[in-house]
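Each of the next two complexes has chain A plus one more chain, namely chain B in the first and chain C in the second.
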Partner chain A sequence: MRLEARGAVSPAMAVVAPLAAVAFTLVVAALFVAWAGAPVGRTYALIFEGGFGSRFAWSETLTRATPLVLTGLAAAIAFRARLYNIGAEGQLYAGALAAVAVGGLHGGTGFELPPAVLFPAMLAAAALAGAVLMALPAIAKTRFGVDEVVTTLLLNFIVLLVVSMMLDGPMKDPTAMGWPQSVALQDELQLSKLVERTRVHTGLLIALALAGLAWGVLRLTTFGFEVRAVGANARAARFAGVPVTRTILAVALASGAVAGLAGAIEVAGRTGYVTLDMSPGYGYTGIVIAMLAGLNPLGVVAAAVFVAGVLVGADSMSRAVAVPTYVADLIVAVALLSMLVATVAARYRLRLR
Partner chain B sequence: MTDTVLRLAGITKRFGSLVANDAISLELSRGEILALLGENGAGKSTLVSILFGHYVADEGSIEAFGRPLPSGDPAAALAAGVGMVHQHSTLADNLSVLDNVMLGTEPLWRPVSRRREGRARLLDTARRFGLAVDPDARVARLSVGERQRVEILKALYRDARVLILDEPTAVLTPQESEALFATLRGMVAEGLSVIFISHKLDEVLRVSDRIAVLRAGRLVATMAARDTTKSALAEVMVGRAIPPPVTKPHSRGDAVCVIDRVTMHGERASARLEGASLSLHAGEIAAIAGVSGNGQAALVELLCGLRAADEGRVTLGGRAMPADPAAWIAAGTARIPEDRRDVGTIGDLPVWENAIAEHYRKPFASAGIVRRGAARSFARRLVDRYDVRGGGIDTPARALSGGNMQKLILGRALSGGAARAADFLPTLIVASQPTWGLDAGAVAWVHQQLLDACARGAALLLISEDLDEILALADRIAVIHAGRLTPARPARSWTLAELGLAMAGEGARDAA
Partner chain C sequence: MVDALAAMLANADFWSAVLRVATPLVLGTLGVLLCERAGVLNLGIEGIMVAGAFTGWLAVHAGASLWTGVLVAAATGAAFGLLHGVLTVSLALSQHVAGLGITMFASSVAYYAYRVSFPNVSTPPTIQPFVEMRWLELPVLSAQTPLTLLALALVPVVAWVLNRTPLGLAVRMVGENPAAAEGQGLSVSAVRMGAIVAGSALMGVAGAFLTLSAFNAFFFNMVNGRGWICVALVVFASWRPGKALAGALLFAFFDAMQLRLQQADVGGLPYQAWLMLPYVLSIVALIAVARRASYPQALMKPYRKGER
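The block that comes next holds the complex of A and B.
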C-alpha cells in the first residue's frame, strides 16, 4: 500500500473531496447518535435548527463565531509561516486582562480619558498583551531553536494561573459576592449590539474586517509573500534573500495580537468582565478552524460559523433528545480529521500493492 | 557459461501520462556485467526499482533463477538473491559496519544477536571478494568509497547472486572507481552477475561485457561492449547529435571576488573550510573539482551569503560582504544552488513568484505591495526566454521537471530582475553542480548560458563533481579536499591523474 502523487489537483477533486469529508463526518457521528439511542434524523434536524434554523439561532451562532474567527485567524496566520502557535487560549486571556486593566480599573474612571481615546487604547493594550506573550516563544525559537509548540502550549497554563491570581487579587470585583471575577469594563466601552434584542455585537464586524485584512496582506503584499515563502520552504526563502527570522517574529506578533484582541472583544462584547471560564477553549478550537479552512483567512470565517453553528445547535438539541452536547465536539473533530484525509486524497492516489 | 539468472519480460511502468518503462525485455547471464546506459530520465532507475520491488510494474513479469519473482516485494527480491546498492548510502550512520551488515538478517524475536557468527561470516565474505573493512568501525567515520564497499558487502552477506549498482561511481575519485571495477570483475569471476547503471560512456565501455541502452523509457539497443565505440554509444543514447557548447573568446579581467584565507568551522566535513584562498576574475571560468562532501557546501554557502567566514574575509568588488543573501543579490551575484528542489525553488509557490523571489522588494513592489502585473509579465518573459516548459506561470514550481526547474533558477539568477537580457550582467556567477541530473540537451543549454554570460564579462565559479564538465569548461581549476583548496592552476596544466590524486588529498599534502 503506498501513496503516489497526482500530477495536479483536478478541479472536480477539489470540490468532491471536502463534500465527501462532510458526508463521512455525518455518517460517523450518526453511529454515535444511534448508539446513544436517539433517532438520527431528528437529532441532526435539531442540531441544524438550533444552529441555523431561526433568527435567534443565527444570532447565537454568530455571537459564538466572533471569538472563533479571531482565534482561527491567529492560528492560520502563524501556521502559514509554519510557526505553530498553540497559545491562542493564553493570549486571549492576556488580552482580556489587559482590556479590563485599561478600561475597568481605577474605579471605572478610565484615567479620566474620553471613550473615543480609551476604546482604541483598550484594544491596543489587548493586542499588545497577546503579542508580547507570543513574542517570548518566537524569540526562543529563532534564537535557540526551542520548539514553539511546547512553549506556547505550556504558557497557556501559566496565563490561566495568573488570571486566577488577578481575579482573586488586584482585579477582583468587590461586588461579586466572592465569585472570582474581575471588575467590570466601563459601560461606555461595551460594544454595541448589531441586532436588537440579541447578543450579536459589533465585534463580529471587527473580526470580519481583520479576516479580510489578513487575506489581503497574505495575498498582495511583500510581507505576505515573505510569510508564504517562509512557510512553504524556509531554506529556499532564506536563499532568495527573505529575512526569515524577522518574518517569523513579525508573524508571531501579529498572531498573538489577534488572539489578544479576541479576549478584549469577548469582554467588551459579551461578558463585560473576565472570568476563569469565559473561554470554553476558543484558543484550541481556533486551531481546528484554521486547519478546516486550509489556513485561508476567508475560509476561517466560514469554518468558524460552521463550528459555532454545530456547537450552538448541539446545545439546543441536547435539551430535546437524550444525546449529550459532546456530540458537537465529536462532529468537529471527525470533520477535521476527514478534511485532512480528503486534502491528502486530493493530492495523492492510494495504491494497494 | 550462458545460463540466464534474470529475465525481464515486457516490463511497462507508467506515471500518469509518462511512460517511464515501455515494454522492456532483458536477460542477465551468470557471470556477466551488464551496463544499463541512458540519460537521466531514460528509465534506468525505474527499471531497477521494479526489479528490486520498490515499484510495481503495470505490465510484464520478472523471473529470477528460473522462478517468477513476486512484484512489489523487496524482501522477496533479497530472498531470490538480488541485491541492490543504492546511489545514496542507505546505511545507518550511528551503527558499526557489522551492525549495518547484519541489520534485517536476523529474526526479531531472537533474544540474542549472533554477532560472533555474523562477524566471522562478514570477514570471510570480505576476504573472498577483496573488500577490506573494519567490522567495528562506525559508518559515520567512513569515507564515501568505504561506505559503498559496506553496501556491497551487505548485499553479498545476504547471498546476493545478482548485484545491482545504481550510478556507483558518481561519488568516487577516478582511483576509487578503478578499485570498484576490480572488485566487480572479481565478483563475476566467482560466478555472480552485475547490473551496473551509468550515464558515463567511458566507464561503461571499460567495465561491462554487455551494454543495454535506454532512451525515453524504451530499450533502444543491446550490444557487446567490445563491438562498439564511444561515439556510437553516445548517438544511440541521446538519439541525436548534441552540439558541443561554443566557447566564445573571453579575456581575463580584474579580480571581482577575492576569498582570502577563509576558515569555516562545522560539524560535518562538507561544512568546513580551512584557510581557503581563491580569486575570481571577470570573464574567467574558475572551477572547483573534488569528491562531494569535502567543503564545497561551505564554499557555496559563503558565496551565496548564507554563512559568514569564521576567519579570513571575502570581498566582492572590493567590498567586504556580510552573510546576507539579499546583500549578495544586490551586489549582482547570480547564484545557482546545488539543490534546485529544496533551495533553488519554493515548490508550493507558483512559477511567477519563484521568478521574482530574489527581487520581490525591488523592482517588483512599491510601498510594500507586490506589483502583480509587472511581476507576472516579467515571469512570462523569463519563462519564454529561458524556455521553461511544463505549465504556465501559475503552476506550482514543484510540478516542473528538474531541467525546467534549473532553467527557471538560471533565468532568475542571470536576469537579475531586469526586463531585458541586455540590461543586466551578473558580476559573479556561483554555479554549484549546475547540470547534475539533467539530460544531455539541457546540459548543453545550461553550459551555453554560463559561457555566454562569461563572455560578456561575468566571473564564473563552477563547483562540480563531474570532472568531464570541469575539463570542458574551466580556464582555471582548483581542487578541494577536506576543506583545503589547492592553488588554482590553468586547466591545461593539470593531468587527470594529478586531479585524481589531489581529490584524494595527496596533492594537498604536498602543497602544505
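The block that comes next holds the complex of A and C.
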C-alpha cells in the first residue's frame, strides 16, 4: 500500500473530500447514538435545532463560538509556523486572571481609573499574560530544542493550579460564601450585549476582527509570508534569509496573546469573574477548530460556529433523549480525524500495490 | 522541615507509594518509547490510557477475571494504536495532530460508553481490584500488586528486545534511517505499525492499572495528564528503557513527597504549590537534558517509499 501524489487537487475532489468526511462523521456518530438506544434521526434533529434552530439557539451558539474563534486562531497562527501550541487552555486562564487583576473590584472599588483607560489596559494585560506564558516554551524550543508540545501541555496543569491558588488566596471573592471564584470585574468593564435578552456580547465582534486581522497579516504581509515559509520548510526558509528563530518567537507571542484575550473576553462578556470551570476545554477544542479550518483564520470562524453549534445542540438534545452529551466531543473528534484523512485523499491517490 | 523529610524517607510506606505512583508511568513511558524508537510520536497516549482504564474495568465489572481485564485494556490500546498507525504511517499525516485526535477520540468514546452503560449512577460502581502481594515478604514490593511487578519486569524485557534482538534492531533502524532499513529489505510501514500497536497496548495497560489496582472504579479525568508526563519522561530518559524507569521513579518520588509534605503542611505553602512541583520539575528536567538528547533521527518524519 502506498500513496501517490496527484498532479493537482482537482476542484471536484476539493469539494467532495470534505463532504465525504462530514458524511462519514455523521454515520459514525449515528452508530454511537443507536447504541445508546435513541432514535438517530430525532437525535440529530434535536442537536441541529438546539444549535441552529431558533433565535435563542443561534444566540447561545454564537456566545459559545466567541472564545472558540479566539482559541482556534491561537492554534491556527502557531500551527502555520509548525509551532504546536497545545497550551491555549492555560493561556486563556492566565488571560482571565490578568483581566480580573487589572479590572477587578479589589476590596470593593478596584483601580480608580476611567474605563476608557482601564478597558484597554485589561485587554493588554490579558494578552501579555498569554504571550508571556507562551514565551517560555518558545524560547525552550528555539534555544534548547525542547519539543513545545510537552512543555505547553504541562504548563496547562501548572496554570490551573495557579488559578486555584489565587481563587483560594489573594483574588478570592469574600462574598462568594466559600465558592472558589475570583472577585468580580467592575461593571463599567463588562462587554455590552449585542442582542437584547441574549448572552451574545460584543466580544464576538472583537473575535471576528482578530480573525480578519490574522488573515490579512498571514496573507498580505511579509511577516505572514515568513510565517508560512517557516511552516512549510524551516531549513529552506533559513537558507532563503528568513529570520526563523525570530519568526517563531513572534508567532508564539501572538498565539499566546490571542488565547489570553479569549480569557479576558470570556470574563468581560459572560462570566464576570474567574472560576476553575469557566472553560470546558476551549483551548483544546480550539486545536480541532484550527485543523477543521485548514489553519485558515477565516475558516476558523466557520469551524468555531459549527463546533459551538454541535456542543450547544448536544446539551439541549441530552435533556430530551437519553444520549450522553459526550456525543458532541465524539462528533468533533471523528470530524477532525476524517477531515485529516480527507485532505490526504484530495492530494494523494491510494495504490494497493 | 528536615525532620519531616527524614521521617518520610525512613518510612517504608512512602517508598511503597513511590512505586505505586510510578507503575502507570513506567508502563506508559515504555509504550511511548517503543513508538518513538520506531520514529513515531504517539500523543494518543492520554486518551488511550482513559480507554484502557475504562474497558479493563468494564470487563472485570461484567464478570471477567482481573487478568482478562488487563488483556482487554491492552487490546483496546492496540486497536487505537492501529488507528494511529494507519493515520501516521500509511497516510503519513502530521503525527502531532493525529495523536491529539486519537486522544480526543479515545477519551470521548470511553466517557460516552461509560455514560451509556451506567446512565443513572451517582457513585461509580466498584470492582474487587488486584490485591497486594503479601506472600512476597519483601519490604516495599509486598505492598504492591502484580501489575507493578509486571511493569518492573517489562523494563529489562523491552531493553533486551530493543538492543539485543533482530526485531529490536529493525525497530531502531526504521526510527533512525528508514531508507536504509528499506534497503535491507525491511518493510518500514510494517515495523512501525507493529511498534505503535505494541506500544499502545502498553499504554492501555497503564490506564488499566488505575482502575484495576490503584483504585477500584472508573472516574472522569482520572488519567489527569499522566500520559503527557510519560511523553516528557521519554525525552528525559533519552529513549532508553532503564533510564525511563529511573525517570518514572524520580517523578513518582516527587509526586509522593509533595503529597506527604502537603498533608504535613510543611512551610505553610498552599497545597496547589506542592501539586505543581512534579509538573514544574518535568519542564525543568526537559530543558536540562535537551542539549544532550539524542532523538531518534527519523522521529516525526513520515516515510514515503521512493520520496526523499
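Heads up, the rule we're going with is that the second predicted complex is superposed on the first by the 348 of 353 C-alpha atoms of A that agree within 3 Å, B and C clash if a C-alpha of one lies under 4 Å from a C-alpha of the other, contacts with A are read in each partner's own complex, and residues count from 1 in each chain.
The rule we apply is simple: a residue touches a chain if its C-beta (ideal position, glycine included) is under 8 Å from a C-beta of that chain, and two chains touch if they have at least 3 such contacts.
Please read all numbers here as calculations on a predicted model, not as lab measurements.
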Touched partner set for A:Leu154, first chain B, second chain C, both or neither: second
First, second, both or neither for A:Trp179, with chain B first and chain C second: neither
In the superposition, chain B vs chain C on chain A residues touched: C
Chain B versus chain C as contact partner of A:Gly241, first or second or both or neither: first
Touching partner for A:Leu337 - first (chain B), second (chain C), both, neither: second
Partner chain(s) touched by A:Trp35 [first = chain B, second = chain C, both, neither]: second
Partner chain(s) touched by A:Tyr284 [first = chain B, second = chain C, both, neither]: second
Chain A-facing residues of chain B, complex: 15-17, 56, 71-72, 304, 306, 324-326, 329, 335, 337, 342-349, 353, 357-358, 360-361, 365, 368-370, 372, 395, 399
In the complex with chain A, residue positions of chain C that touch it: 43, 87, 90-94, 96-98, 100-102, 104-105, 107-109, 111-112, 115-116, 119, 189, 225, 228-229, 231-232, 235, 270, 272-273, 275-276, 279-280, 282-283, 286-287, 290-291, 293, 304-306
Interfacial residue positions of chain A with respect to chain C in the complex: 1-3, 32, 35-36, 84, 86, 140, 144-147, 149-151, 153-155, 157-158, 161-162, 164-165, 168-169, 284, 287-288, 291, 322, 324, 326-327, 329-330, 332-334, 336-337, 340-341, 344
Sites on chain A touched by chain B in the complex: 4, 6-8, 220-226, 228-229, 232-233, 235-243, 351, 353
